[in-house]
Structure formats: C-alpha cells, structure tokens
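I have a structure here, written as structure tokens, and I will follow up with some questions on it.
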Amino acid sequence: MRVGVPSETKVLERRVGLTPDSVREVVAHGHEVVVETGAGLGIGADDAAFAAVGATILPDVDDVFAAADLIVKVKEPLAEERAKLRSDQTLFTYLHLAPDPEQTKDLMASGAICIAYETVTDDDGGLPLLAPMSKVAGRMAIQAGAHCLESPQGGAGLLLGGVPGVAPAKVVVIGGGVVGANAIEMAVGLGADVTVLDRNVAVLDELDARFGPAVRAVYSTRSSLDRYVLDADLVVGAVLVKGARAPRLVTADMV
Amino acid sequence: MRVGVPSETKVLERRVGLTPDSVREVVAHGHEVVVETGAGLGIGADDAAFAAVGATILPDVDDVFAAADLIVKVKEPLAEERAKLRSDQTLFTYLHLAPDPEQTKDLMASGAICIAYETVTDDDGGLPLLAPMSKVAGRMAIQAGAHCLESPQGGAGLLLGGVPGVAPAKVVVIGGGVVGANAIEMAVGLGADVTVLDRNVAVLDELDARFGPAVRAVYSTRSSLDRYVLDADLVVGAVLVKGARAPRLVTADMV
Amino acid sequence: MRVGVPSETKVLERRVGLTPDSVREVVAHGHEVVVETGAGLGIGADDAAFAAVGATILPDVDDVFAAADLIVKVKEPLAEERAKLRSDQTLFTYLHLAPDPEQTKDLMASGAICIAYETVTDDDGGLPLLAPMSKVAGRMAIQAGAHCLESPQGGAGLLLGGVPGVAPAKVVVIGGGVVGANAIEMAVGLGADVTVLDRNVAVLDELDARFGPAVRAVYSTRSSLDRYVLDADLVVGAVLVKGARAPRLVTADMV
Amino acid sequence: MRVGVPSETKVLERRVGLTPDSVREVVAHGHEVVVETGAGLGIGADDAAFAAVGATILPDVDDVFAAADLIVKVKEPLAEERAKLRSDQTLFTYLHLAPDPEQTKDLMASGAICIAYETVTDDDGGLPLLAPMSKVAGRMAIQAGAHCLESPQGGAGLLLGGVPGVAPAKVVVIGGGVVGANAIEMAVGLGADVTVLDRNVAVLDELDARFGPAVRAVYSTRSSLDRYVLDADLVVGAVLVKGARAPRLVTADMV
Amino acid sequence: MRVGVPSETKVLERRVGLTPDSVREVVAHGHEVVVETGAGLGIGADDAAFAAVGATILPDVDDVFAAADLIVKVKEPLAEERAKLRSDQTLFTYLHLAPDPEQTKDLMASGAICIAYETVTDDDGGLPLLAPMSKVAGRMAIQAGAHCLESPQGGAGLLLGGVPGVAPAKVVVIGGGVVGANAIEMAVGLGADVTVLDRNVAVLDELDARFGPAVRAVYSTRSSLDRYVLDADLVVGAVLVKGARAPRLVTADMV
Amino acid sequence: MRVGVPSETKVLERRVGLTPDSVREVVAHGHEVVVETGAGLGIGADDAAFAAVGATILPDVDDVFAAADLIVKVKEPLAEERAKLRSDQTLFTYLHLAPDPEQTKDLMASGAICIAYETVTDDDGGLPLLAPMSKVAGRMAIQAGAHCLESPQGGAGLLLGGVPGVAPAKVVVIGGGVVGANAIEMAVGLGADVTVLDRNVAVLDELDARFGPAVRAVYSTRSSLDRYVLDADLVVGAVLVKGARAPRLVTADMV
C-alpha cells in the first residue's frame, strides 16, 4: 500500500500525520510512504529525516494525494483537501464530524473511506487514539493553569505548590478519568493541595490508592462542588461546569 | 557497681527502670543488678525473666534500696522512697523537680546524687532521654485523637483518613519539633489532611522535603493559627495554645 | 416521588438515611423529601439543615411513613416500623434477612417492595453499597486494635509503629479484600510490621505492587497461618478463623 | 516603634513590605503601623484589609516616611524615596548595593540605618531572607522552562514529563543548592528525566537519598557538564555557565 | 486419593513437587501423600519434615510410582520415569511438550492423564502456574545482570545504581509484562536508570502510574529499540530480539 | 605541576588513579599529566582516551615516576614502586599503613610526601575519600549476598524480595552508618525484610524517617542482636561480630 502524508494546513497546527519513526515502521511492514516536502518542519523533522527512513519526498500536496492509497493526517481536511479525495482512497485522521455538516457532506460525496481517530474503539470499549490527547490535555491543563496564576499573566501571583511556610494553591479537578488523573499527577507533582470530585466510587478508590494523603478524593454532589470549587485557586475539568463561579477554570478543551 | 531496680509505686505506672534486655547489658559490663520481686510484671516480665539474664531477685523494696549503689527508676520517688535514699547512693530517674519543692528538699536532705533523665544533655544540646518520650507522645496523640473522634466516645464520628468519597478529617499540628513530626507521621499515615504550623522555616523546609504534598507546612502567625485551628477537626500541640477555640485539642501532656 | 426519612430507632445507631447533601441531590432531581424531626441530630444535622436544602420536616414518624412513596433508612425496620409499611411503598435500607425470619415474614406480609442495600449488585458483580462499610470496617479495625494494645485498655502496652529503636508491633491481616486492603493501608501508615495472608495470588500481586517492601504478602496455608498468626501482636480478619489462638483478633464484625 | 509601609514604585513590582498578616503580628507586639493607601493592591489586599488588623492608612507616601521610625519595603528605594530618608530612621528592604554606587552614596548621606535583607545572616551562616527567594526561583524556573518548551512559545513542543509511550524531556540542574533542589522537586513532580550536577558530594548524597532513582546525581566536571548539558532539553542553573551551548537555559536570575 | 512425590532427577534441579507445607494442605483435605526418601533435600526439607505433616516416606522411586494415583513433580519426566506411568494415573508437572516429540509419544503411550502446569488456564485466560516462574525470572534477570556487570565477572565494572556522583547504569527492559514488570521493580529498587519498551499503551500507562519518574515508559518501535538498546548497559527481555547488538542481554530463558 | 599516573600492579586491581575525565580537570587547571601506556585498560579507557584530554602517554612506568611531581594511584605502592619514589615527589593513594610496617619504612626512607586517601579529613571530621568506598561496599554487600543466596552458589535458594505469595528473605544490617545505609537502600529496593541495628538513636531516627515501615530500626543490644541475627537469612556488617552464629554474614571488607 502507498501511504501519503500531506502537510497540515490548519492554522497553528504544527504536527504531522507520521513521524520519521512511524514512517520507518510502515516501510518495514512493506509499504511505500510519500511525504509532502516540509511536512515535518513543525516538529523539527526535515525532508532528509523522512528520506533516511525510506519515504519519498514529493514537491506538492497534489502529488501526495494523487500517489496515495491511504492518506494519514492530524486534523480534519479543509475544503480544498476534501476536493482532492478519491473514492478508491482511505483517509485516516481526526474528523470531529458532529459539529461540521459541510465536511460530512464532502467526505460522503468523495466516496473515500474515512476513519476518524476519535471513533476507533478497542476490544474493551476504550478509545485508544483519543486517550493520548486526553493525557496531554490533563497534563497541560496544570501547566497552563500554573502559568495563568502568575502575577504578570494577571493571575493571583500564586505558586501552585507554595514554598515551605506558604500554603500551596488549591486545585480542584472535576472528574477523575484520563484527563483528570493526568492533571492530578502533575498538580501533586508541583505540590498543590488537590481535591478530585467524581461520581464513580471505583475511580475515587483507585485515585486514593495511588495518591494517598496527597489527594482529597470526594464524591461529587452539588454540595461538594460548591464547597470545593468556590474555594479553589484553580479548577480543572474536562467540560465546563455550567454556572460554577470558579476563580479560574481550565478545561481540557482550552489547552 | 550494684544497680537496684525497685517496683514503681506511682498509680497507673506500669513501667520498670530496667527491662531484662537492659539488665543483660548492665551485667555484661561487669555490674550486679538486684530487682524487687514483681517489678517487671507491668511490662510482662516476671522474676524468671530477670533472673535468666543475671539479676538477683529481692523480696522487698527495702532490700533493693539497701543493696544498691545506683537506683534506676522511671518516675520520681514518692516520700516513702525518698526516705530510703542514702548519701552514698545515686538515683537515676525522671524527677521533674520544678513544680515539686517538697521532693527537691527531701532529695537534697538525703545527700544522694540525683540525676534527672529529663536534664541529661548531649553534645549537641539535645535531651536524649526526653526525646523518646516526645516521640511516643506525638505518635500517641494521633491515636488518642482518632479514638476521641469516634462517635461512641462523644466525637464527631469522623475517621481521620475518611474513605474514598468522603474527605479526610483536618488535623493541625502546632509545632514541628519531635512531638509534632511524630504526630504528623502518624496522621499522614492514617490519611488525614494535615497542616503543620511552626515559626522555624528550617523545620518547615525539612517537613516539606519529607512529606511533600501530603502536608501543608505553614508559617505560624496569629492569622494562620486562626485560619487553620478554627477549621480543624483535631489539633495537636506540645503545649496548650491559650485562648485558641480548637474543636478538639490533644496536647502531648495529655497522652 | 416523595421520599421519607424517618429517625433510626435501633440502639446506638446515630446515622440517618439521607444527609442534607443527599437530600439536596434528590430534590434537584425533582423529588420531594420529608424528614422526621430530629432525624439528623446523631450526625450533627438539625432540622434547619434539612429544610435549607428543600426537605419538609414532619413532627412524627407516622407522618413520614404516611407521606412517603420511598422510605430510605440505615438499619432494618423494627417490628413497629414494619407495621407502618404499605403495599404501595418501597423500602430501601440494610435488611440482613438471613438470620431474621420474623422480619422477612413481616416485610412479605406488608406487600412493600423491599430492597436491601447489601444485595444491590453492579455490572461487575460487586456490591457497591456494602463496599463502603467494608472500607470503614478495615480502617476502623486498625484504629480499634491500636487502642486495644494500649496498656490502660489491658493491652500489651505496644505502639503499633514502635518508635525508632523499638521494633513495631506485628499485624497480620487475613484476607486482602476490601476490608483487608483498608486495614493494611492504615497499619502501614502507622508504621506497623504487616503481613497479609490470602489464597488469591492476584490479590497478593496487587498488594505487593502497591505496598512494596512495607508489606509481607504471603500465600495462606495452614502452615503460614500458624507461623504468622501465632507470632502476631494484632490480627485483623473479615471473619473469625476458627481455632486460631491469636494473641488479639479484631474482626470486621467487631467494629 | 512606628513602622511605615510605602507602596513599591519599581516597575512591575506588585509586592508590598508587610502583608496584613504581618501587620497583625507587628501590632500584637505593641508597635504602630502606617500603610500608604493602595500599597497592598498588587497582592489583592485593599486598605480595609490593613485597617482591620490595626494599621493606619495614610494618603501619601510622604506621610508614611514622615511618620515612620522603621520603613519596611521590598525593593531598593529609588532616588526620590532615598531623598525622604532621615538619619533617625531605619530602612529594611532588599538593597543589592554592589552594582549600585549611586544608591549606596545616597543611603550613606541620609544617615539612616539601612539593613539589606540579602545580608541578614543566621547563626549557621545561612541567609534566611534570601533563601525563600531562592526557593521561589528554583520552583519558578521549572514552571517557566515548561512554558518555554511549549510549541506556541517557540519551544520544541515538549511536555516535561512526556506521556506514557513518549520519553520525558531531559532536565539538567546545575548546582543542587536551594535553587537547584527546589527546581529538582518540581521537575521530578512533572515527571521529567532529571540530572543534577554538583561538585559537593554531600549535596549529591542528600539529593540521592531524597529522590532515589528519579534523579541522576552526577559529580560536576567539564566532561559531565558537556555530556548532560549538550543533550538536555532544559537546563536550570543559579548562574549562567559561560560558553555552554545549552539547548535552553533558564537561570534563577531570569525568573 | 493417594499423591506421590518422587525426587527430581533432572541435572541441577533442586526443587520438589510438594513442600511440607503443601503436603499438610493435601493431607488436611483428606488425601494420602507418599514421598520418595530424600526428595526434599534440595530445598532443605528432610524426610522428618514431610513425615511431621503426615506424609509416608517410601524408600524407592518405584514404590512412589506404584502407590500413587497422582504424581506431582516439577520438571518433565525423563524416559525412565515415563516408563513407570500407568494408564490409571495422573501426572501433574511442567511438560513443555512442543520441542520434545519423544516425551509426547511416551506420555500418550502410557495412557496416563498428563496435565502440564504451563497450560493450566484461569477464567481470565491467564496462566496461573506459569506466572510465578515469570516473576522469579524477571527478578532474577536483574540480579543476574548486576552480577554479570561486576568487573571480576568480565563485566564493565558497573554498579547498577551507581553511587551519588556516578550516574547509574542504563537498564532497558523489552516488554512490560510479568517478566518485565518484575525486572523493572528490582532495577528501580537498585537505583538503575530504567527504560521499558512495549507496544501496548495500557501496559505503559500502568507502569508509568506505578513507577512515575523512576522509569522511562517508551512505545516500542524499530527506532526506539535502536535508541535505547544500543545505549544500554543491561538489556532484559523475555525473548531475544534478533539482530539487536545489545551490550549485554539477559533473557528470561537464561535465568 | 606534572602529575604521573602509573598502571596499578596489584593483582586483580583494574582501576586507575585518574580517569580521562579527571585528567581533563587537572589539565584545565594548568597542570601536565603523564600516563603509563595501558594504565586505563582495566576501566575501558585506552591511551587515545587519555591523549584526547591532554595527557602525554609514556611507554614505561619508570618514565612516569621520573617525570612526575605528584604520583596519583589507587592502591599502596608495591616494593618495586616504592623504590622509584624520590624525596621531591608527592604520592597520593590509599596506603593503609597500620598493618604494613615494611611499606611505612620504605615510604619514610624515600623522603617523599605520602598522603593516604583514607586519612584525608574534611572540616566536619568526615573522611571524604573513604566514604565513596563505603557506599560502594554497602551496595555491593547486598548484591553479593543476593548472589550467595542463590541455590547454585550453595545458598538457601532464596530470592531477597521473594515473590508475591512467598515471604522475602530477612536481611539484618548491623550498623546504620555509610556502609549500612547504602546496604539498606539496596535491600529495601530488592524487597527484602530489613532490620537495622545501631546503638546511635539519631541514626535510627534518620533511617526511620527515610525508609518508614520498610525497615525495622532497632536499638542494638546483646538481646536484639541474638533475636535478629540468629533468625536472619543474610547479615551485613561493617565488621565481623565475634561469635555471632549468623546464617550468612557479608562484611564490607569482603566485597
């Protein structure tokens, strides 16, 4: 099979569908890989890095689409990319079709097989291509939150972990799933005073066993949300809790 | 030298001046040891246990005082014991003379050399015979406090560490010295939400390095005392903080 | 639906079927809640606390039973409570019917739907309403055991964790399930020398990964039970091991 | 004594000489405190917060200097502030006189007693008023470095701790003193691959005992500096290592 | 049922099919056990130890085979043992038939029921009688590797954990399953610089949660294998990675 | 100054006085270094490695002694090396003169200044050049002991940490100084059941704070030595305890 890797075109998107390491794996399994020139620059991988592991560099995105049986990207194709898809091709990328009827229509019209990363499901019902993004989001949420609490960024001038003598900042994590557990790991690592709220006792059990007295694992009710969120310096949640007057709320969607 | 170990006579005192293991050490250094019959029963050591390591069992306290060059006890001698002391004897025990002028007078009158455990000082200015008591007191303070918080004991029905889903109880330790550090170790071990207040930043540094995010190490001021003590479920202090309206205060003197 | 919360009538039972926080959740889902006056006093919640979250306070237990579609309690109903049940009502509480044929007969006669907390089963076969009690029991077992080992309580005068210089007490936990794991967590937290015995290697694997060298995870056989239980200072088990001559045995049923 | 707290005038300086909590302590010791109006706004403390703990709010910096026996500030006084000092006053603040001969001249001319925080020395030769700044600097260095490694900030797009599957970033800390140890604590907390280089084996011993296999403690030589610094993603040092071609160097002075 | 335990005859095999503790369990369940004289000497259990728990000692292997309904061994039977099997017997031992057609033929000819430990499967598809061997193999791999790195054994003269000042040795574990996780636990315990490579992200997640910054959990690709294996001081794998030029490779089969 | 590094001549000694990294430091400080050809082969450093950092390679040990102002070695000089020393030279190496009067005489006769590593004392009375050897000895003691407990080495066939289901081996460390603390760190890391005995309570305090419930810190008396050493699987001590019938005793001198 011939795999094509075009440059990403969405604004601020610096990633690429396959890294040189991934290309090497694909090639080792007997496939061909074509890469648009410069596609890896955003991650610090130049054409030579791709060529070194067996990819063919093509000068133009049209050449990549023309040559490929399988297109591997990061973000959903923009309209001009959708126009290049053929019915004998497979597209493999994040699609997020729900809020995007125009894309859906175009993809159906193309006749291509389009597989959205976010819908790939494993035998246990997990979403293996979405989970890594949630891990990154959870970890970044604390990093972003810590930055926002700095005084020059307009924050309260708090260091998440304080220093000995000064109490640490209060971090509340709403939901102890993948995003939440990764946020907790970073917040505890920075020495913050961490509370996690969840409605699933098995999740609280696991977090309690893992983090012990470093995390307050509390069943989530309207009352406990009020008690902890309104007293927090930083709140991390996978989704926005409507109406919560949180001092500073970082949601996974924001990072 | 002949070392004498009388039974303790103070109410509720079950300890004894030398354990059989200690007697064995003393005998191995070439000394004789005489023990009053039954002196070790409070710690589960019968006369046979003392005899097995080389002690001579004497049937009466008077025999012990008569035979000994050095009397080793736990608590200060009562009036009738003081009357048995001779000027050629040494008494080694806790004395706590400050609030006890009568004892002081009797001991001076006896002419004996009286060494109080609590005043023995090491090269670094430490009190090596007092410190173990402080360690026990700090550890017991949490055990006693946890017991007092049980509902049948008239407490608030709180488990120090909560269970996953229920926030742990708030323990405030005033002073991070020997008593405090040992109390913290137990409170963290039981999963409590622990705050320590101290005016010595080096102490806070050390506790922070040791316990990390499991303990809030806060500089002690009137404001921080108010903030944490008034919100606590259990307060542990080496001495009573006057006027503090603590929900439940366990001091080292009480255990 | 109208939910009724009568006062508990069993001797020494201080809990209540719904806390104010729970009432708030129920009300937020569109139900009505009626609470017998004084029902929450045992947990420190007065009528005003229930009224503040939307409950109606009723002056008499008969009013509560009369008004409610669903009765939420803690302990099984006593005979006089059973007499108040109607066939159009649902009772939700711990029942423990096995040893109690009289209760079973009355409940069947009432025609009410009676759901026992202890039989509610989740998708994985777990007992989610029994597990929290097991967690509390396991944690309390160590607290109760530590108290019993104190000399004034008639114990051996041992501190579970010892102090540096004095070896810690030996705690043996029979069974590493929910009760056992929670007991281990507390015993390790207090610095005890902990051995857990179980016949399920997967349980031992998990405890070994979690507690590492702080716990001795041993396969349970007649020989290992003899070896560890007979040498223990404190034994914790979910059920009594018949014939074991344990120095001091705390079972989950006892706390 | 009357203590005066003027607003800080240096650009970007948002701190204040005394917080309301500190004012409360000073007042409790029998002193008077006068605070320039608005002096605490940068830390979120308004005039009412100071008044509530017993301070007198004065409308103008001149009034504060006129009224005070002791001036407590954060940063060195600017020329116009120096002009207000009287020979019967004491100034207590960070001065950093070494590179600032003009300030030195003015202060000497004023006749005031000027005590620089950074020169206050404790009995062990430590600098207790400088150490907290070093702790903050060390902790902030990792936070700042993590931010700088983000792709939108022009960094390599690395998360310090990686995520499972992706190796963490390599952090090298040059010097394991107060700045370094605090940086290490944060870097380990975020899951980074941390190496510390120091020429003091006692420092390496202590860091090894504290952080175990989570930190590589290496004796600092020209060769080890080359080996680790040139391979690092982030380098933290209290001072700039001249000539080191570090991929990204955060020094304590920069935060 | 009568259970027979012959001595192991394979060279260097010092184990025995049932320990005295196991015999005690079997006997307590109402079975008889016959043991060949001297069968337990390799594990330090003499005939008296077996007799004390109810076994009958038989003077000859032929007597054991003659008397037993069930033969319990450690290793596969050698030809002369296979000749003793009867069609009314069951053999329970490790067999590893795949590479051993001669044994397979003999066992089938014997008519005995032969159950291989390594094929016993539990409800979750696990291999409960193989897993303990994998745990031992993983732990021993690090012990053996550490020994091999000693200079007198021809190794590089490296201590796995280094000492403060000297960087630890680099250990790469290929595969984070039972063998790998146990090897990691020992390598981290000795202070090594550990990297684990696996293609199962769930495995990496679990190891990351368990070992945190003490282990580098990396997705296994041709590139990451090259990067880490070629730079390692010690490589542990359950199976040999063909063509990998590892500095020193310990596989589970080797210990 | 010209520094000379001869090859070590003592049997089995594979180390060398200066590594290439050390030579680089010496040269950077403005000194010359001459190295005997092949001196670094035992640590894997060939002549080119030394030349690359500025050393001059000399073909013969006599040339090295002739050229050098300062001789840096590892082990004490043998008779033939002593004969090459001149009165204008300094020798810097381990000497261990106490049991070696002949060496002492020769060195005095040479007129050279001879500084023994093991006697270099720092400001706190520590022995900075001896401590690293003690760290290595303590760590190696456990590695050597673990190897000796393997069945093929004639040991009891015990894995130090056991596996889940099988209790770990009992390790007793006599003395919690540098050797002991390093042995403890490794033994705990391997999952052993560790007891440390010491007569210095401050040492026990520190080990207890560092290792918590993973180590039993016991005051060393005749009785506690009997109790723990006689029950141990492996005993580590800096010096041999006379008369102790330890199952297996590894002393620091043996590794």
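Which chain is which? They are A, B, C, D, E and F, in the order written, and residues in each are numbered from 1.
Here, a contact is a pair of C-beta atoms (placed from the backbone, for glycine too) under 8 Å apart; a residue touches a chain by one contact, two chains touch by 3 or more.
Keep in mind it's a predicted model, so treat the numbers as computed, not measured.
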Where chain B and chain C overlap in contact partners, by chain label: A, F
Of all other chains, the one whose Cα centre sits farthest from chain F: C
A-B or A-D, whichever has more C-beta pairs in contact: A-D
Averaged-CA centre spacing for the pair chain E and chain D, given as whole angstrom: 56
Separation of mean Cα positions, chain F and chain E [Å, integer]: 35
Centroid spacing, where centroids are CA-atom means, of chain B and chain D in whole angstrom: 41
Sequence positions of chain D contacting 2 or more other chains: 132, 161, 164-165, 185, 188, 191, 201
Chain pairs in mutual contact under the definition given at the outset: A-B, A-C, A-D, A-E, B-C, B-D, B-F, C-E, C-F, D-E, D-F, E-F
Residue ranges of chain C touching chain F (in the complex, touch as defined): 161, 164-168, 188, 191-195, 201, 204-205, 207-208, 212-214, 216-219
Residue ranges of chain E in contact with chain A within the complex: 201, 209, 221-224
Residue numbers on chain D that touch chain B, as the complex places them: 20-22, 24-25, 28, 53, 128, 131-132, 185, 210
Chain E partner contacts - residues on chain F that touch it in the complex: 12, 14, 42-44, 132, 135-136, 139-140, 143, 146-147, 150-152, 156-157, 159-161, 163-165, 182, 185-186, 188-191
